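Common to both upcoming complexes is chain A, partnered first by chain B, then by chain C.
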Partner chain A sequence: MRHSTRIAVGPVQFRIGSDWAEPIAALEHLYAGYPQDDTRPSDATVRLFAARPWRRWLRPSVHIGGDFVVPDALPLPLSMGLLAAEMGMNLQVALGWRRHMLLHASAVAKDGRALIMSGESGSGKSTLAALLGEKEGGGDWRLMGDEFTLIDPAGGNAFAFPRAVSLKNEAIAEVAARVDPSRLGPLLAATPKGDIRHLIPRADAIAAMHEPARPALLLFPRFGGEASVEPMGEGEAFVRLTEASTNYVALGEAGFAALTRLVRETPAFAISYPDSAAGIALVEQLWAEAAK
Partner chain B sequence: MADRIYRAAPADALRVEPLGELTAIFDRRSMQTHLVVSPMPEILDAMGADACNAASLAARLAAAFDLDATEDAQPILAERLRELAAMGLVERA
Partner chain C sequence: MSAVRSFVDLLAGRRDPAALGPRDWDGVIGVARSEAMLATLAHRLADACLPPAVAALFADQRAAAKVAQAQALWEAEMARRALAPAGIEFVLLKGAAYAAADMSCAAGRQIGDLDILVLAPDIRRAENLLLKAGWEWVKSDPYDDAYYRQHMHELPPMIHKARDRMIDVHHTILPRTHRITPDALALVGDAVTSGAGFAVLNPADMACHCAAHMLADGDLQGGLRNLWDFHTMTRDFAAADPGYWGELDGRAALHGLQSAVHRAARLSRDLYGVALPSAWDRQDPSDVWFRRRLFARDDWGRVTDPLLEQAFYIRSHWLRMPPAMLARHLWTKWRKR
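Here is the complex of A and B:
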């Protein structure tokens, strides 16, 4: 690879190589505030490479590669190199990580306890986590991650994976209005996932990224419709989280034990909300009850 | 249909965790997770280490849960045993 960089997000050390300088420069901007340890071996490698050597000069397009490759990964135009790097990082972690049970969920923490939100794309889990992480006055939430939450199979604690938050579509304006523009990456317009803009987490969230938090509340948000709260039984939460875990099967009995413990010890609710303000209010209300 | 005889998986092969209305069962041999509802956990419990068929299982469950009319239960239990066998949690003795 002609250009490369190393990025540490939570416990994962990435090495990212690219045939082009631009995605690497963009990543180095987004991850400038993250701790650097050049002596640490990398856990996952992401490569953004040209489909054919001459295509780097002719019609540049980025292919995603690495330790694992999805056969039908989209070749993305060079302007989407940053998105390709993000997708590559997600892919390597989702498929390759074994030290923790990986949940496709966002998380925020307060007083050493974690609120974990699991949902499909469009559920608003990322936006809720980002907004809680930026909340001023009465906030004190630490963003643990907008995409993945790691659960230690031995002790049951949650660990952060605070990559740059991937804001999508309407969430971009909502969050951009509250943060310093220097914390936002370039607008990636009309990607296969819609408009995307990255948010650099707050410096205190990055500094605390290795601190564990005890799971205290599990939420399954759904954006749209009347505000509602439905308590969820242990069995349903277990089923939903097996679906939300990318490495549950690979972890074998350790994953089974970690997940049964998580759903037994953590109250779970499905929530619906019509807008972010209502969603935040519901989350705070449930947290106040769970944290008693 | 003949009342087939089955044997439950050895006790150390399964990890059974009740989760409210569902019971999660991890099979250490296949590494598979099975989610079952009543009466599957009760059937596995009642089978213990012995080989049994639907008739003997009905008698055991009737004793354990203070039920009667075990004849009605037999075809249902035979069906449940076939399902447990399909999951690999019991096998033909």
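Here is the complex of A and C:
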């Protein structure tokens, strides 16, 4: 393809090709601090392409392709090329990765132990993980990722997938107030997923992206309503995580064993919180009291 | 060298994987994924000396393919439990059959839908039994439904509501409207029992079906994989039975598939490097188009020759139905867009 780049996030080496220069330049800015190994072949391919040659210039619209393709997926305007690249990378991992069990969950780690947060879009799992990852002073949380948490079926450890964090809507201002502006990507306004701005994880989180962490606490956050904590039984956590996993079925017995072990060994809670400060406080409290 | 040629050479054993650079691997892995053959390549190169990242990816692929194959055979078992009590016997086709018979092309082969073949008089009963056992119709469009029932070689596809797996129930191996009419009764009657206890086509019929599926029915989507199936099965069958090529010729004649089977043999010689018996070892100028179509992929896994792709698409329809019917079909499909 005309333009291309290679990016390694956690264990996955991507190659990303594009008919346009802009999305590649934007990616190279966001991922400049990630390790580059030119001797390593790519695991996954993402293609950003124009469906017809003239659509490269005339109302350019970006189709998302690669090793795996979602039929009839709608293209995005070129101004949202970075979002298209992000969606393409997520898609290849969700459908193609088999080494780990994939959980659609954010995660942060401290002292080699992981806090895993799973929830629908809008639950605030990305924002909580990003804010914890930025916490000054009593923090020391390492951001592991805001989209996927990888569970090793053999040992049960969690592995990081620290792509650039996808901040949405209100979370943008909240996080932007705390970080160096050079760590933020361009504002993508009014995308199908709302306003989006990417946050480059801290350098230490990127440097530690291959380090495993032992799952110590599972949270299922819900944004809105009174602050509350509800312990969750193994059965419900299991069912919720099967729904949050994109390759649970494909892994067969190994997936079943990995997930059973995760919910049996890790305390789980559903939490509600009215705002980020209350959410962070709840998370820290549970971490101190209940984490394994 | 282009990635798709490197990929074919690696499968054929003509190229040393140690000689590939990292960017060569990018292309080979991309092409292999586009052809749904990455796990096949992983098995082919299981003992090769590979860069660590490739070796790790290939190990993932082999493990995943093993699980997928067990799931596909479980699906076959589910169909057996739905149909056997009513006395309906079926023959497994394609991927699930190769897995049930533990053939070498099954190693890493992706298995999509469950394809089974029943006798034409049993097909309505088979459909009812599968509906009772939890499969559901997928096609909601009445034209598509009627089209399948009147003209195709299979029922409209059904999907299992709990397991989300598709089943294609065939009563023969080419559309009813196709210029060629294979002998479906002979296919079922002369089927053999696999190691896993399922009925599968006999060795000659299996290669006939593979060639028919690749060259007489489809538009060569997934052609490299079908050709790999054909190549490895004829190689192994011929090694076990010196009279195999002769039997294959006879069965191909019975089914009207001689031209497709001979072309498949020539293409597997040209791409994967098998030696053919002298009666099969010919040249046909039109093979060049088929080779070109099979190699029409760039290093990013994209089809490079859309015109040729379109031409093979039109050819597949041309073979499938008479011209007046084709015109009516395309008109209806176009109006429904």
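Basically, the second predicted complex is superposed on the first by the 290 of 292 C-alpha atoms of A that agree within 3 Å, B and C clash if a C-alpha of one lies under 4 Å from a C-alpha of the other, contacts with A are read in each partner's own complex, and residues count from 1 in each chain.
Just so it is clear, a residue touches a chain if its C-beta (ideal position, glycine included) is under 8 Å from a C-beta of that chain, and two chains touch if they have at least 3 such contacts.
On a predicted model such as this, the values are computed, not experimentally measured, just so you know.
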Touching partner for A:Arg264 - first (chain B), second (chain C), both, neither: first
Which superposed partner A:Ala290 touches (first chain B, second chain C, both, neither): neither
Partner chain(s) touched by A:Gly252 [first = chain B, second = chain C, both, neither]: both
Partner chain in contact with A:Ala208 - chain B first, chain C second, else both or neither: neither
Partner chain(s) touched by A:Thr39 [first = chain B, second = chain C, both, neither]: second
Touched partner set for A:Val229, first chain B, second chain C, both or neither: neither
More chain A residues in contact - chain B or chain C: C
Which of chain B and chain C A:Gln13 touches, first, second, both or neither: second
First, second, both or neither for A:Ala176, with chain B first and chain C second: neither
Touched partner set for A:Ala94, first chain B, second chain C, both or neither: neither
Overlap of the chain B and chain C footprints on chain A, listed as residue numbers: 252-253
Complex contacts: residues of chain A adjacent to chain B: 233-236, 238-239, 242, 248-249, 252-253, 256-257, 260, 263-264
Complex contact set, residues of chain B against chain A: 15, 17, 19-24, 26, 28, 31, 33, 35
Touching residues on chain A, where the partner in the complex is chain C: 1, 13, 15, 17, 38-43, 45, 47, 66-68, 96-99, 250-254
Sites on chain C touched by chain A in the complex: 22-23, 25-26, 29-30, 33-34, 51, 53-54, 56-57, 60-61, 63-64, 67-68, 70-71, 300-302
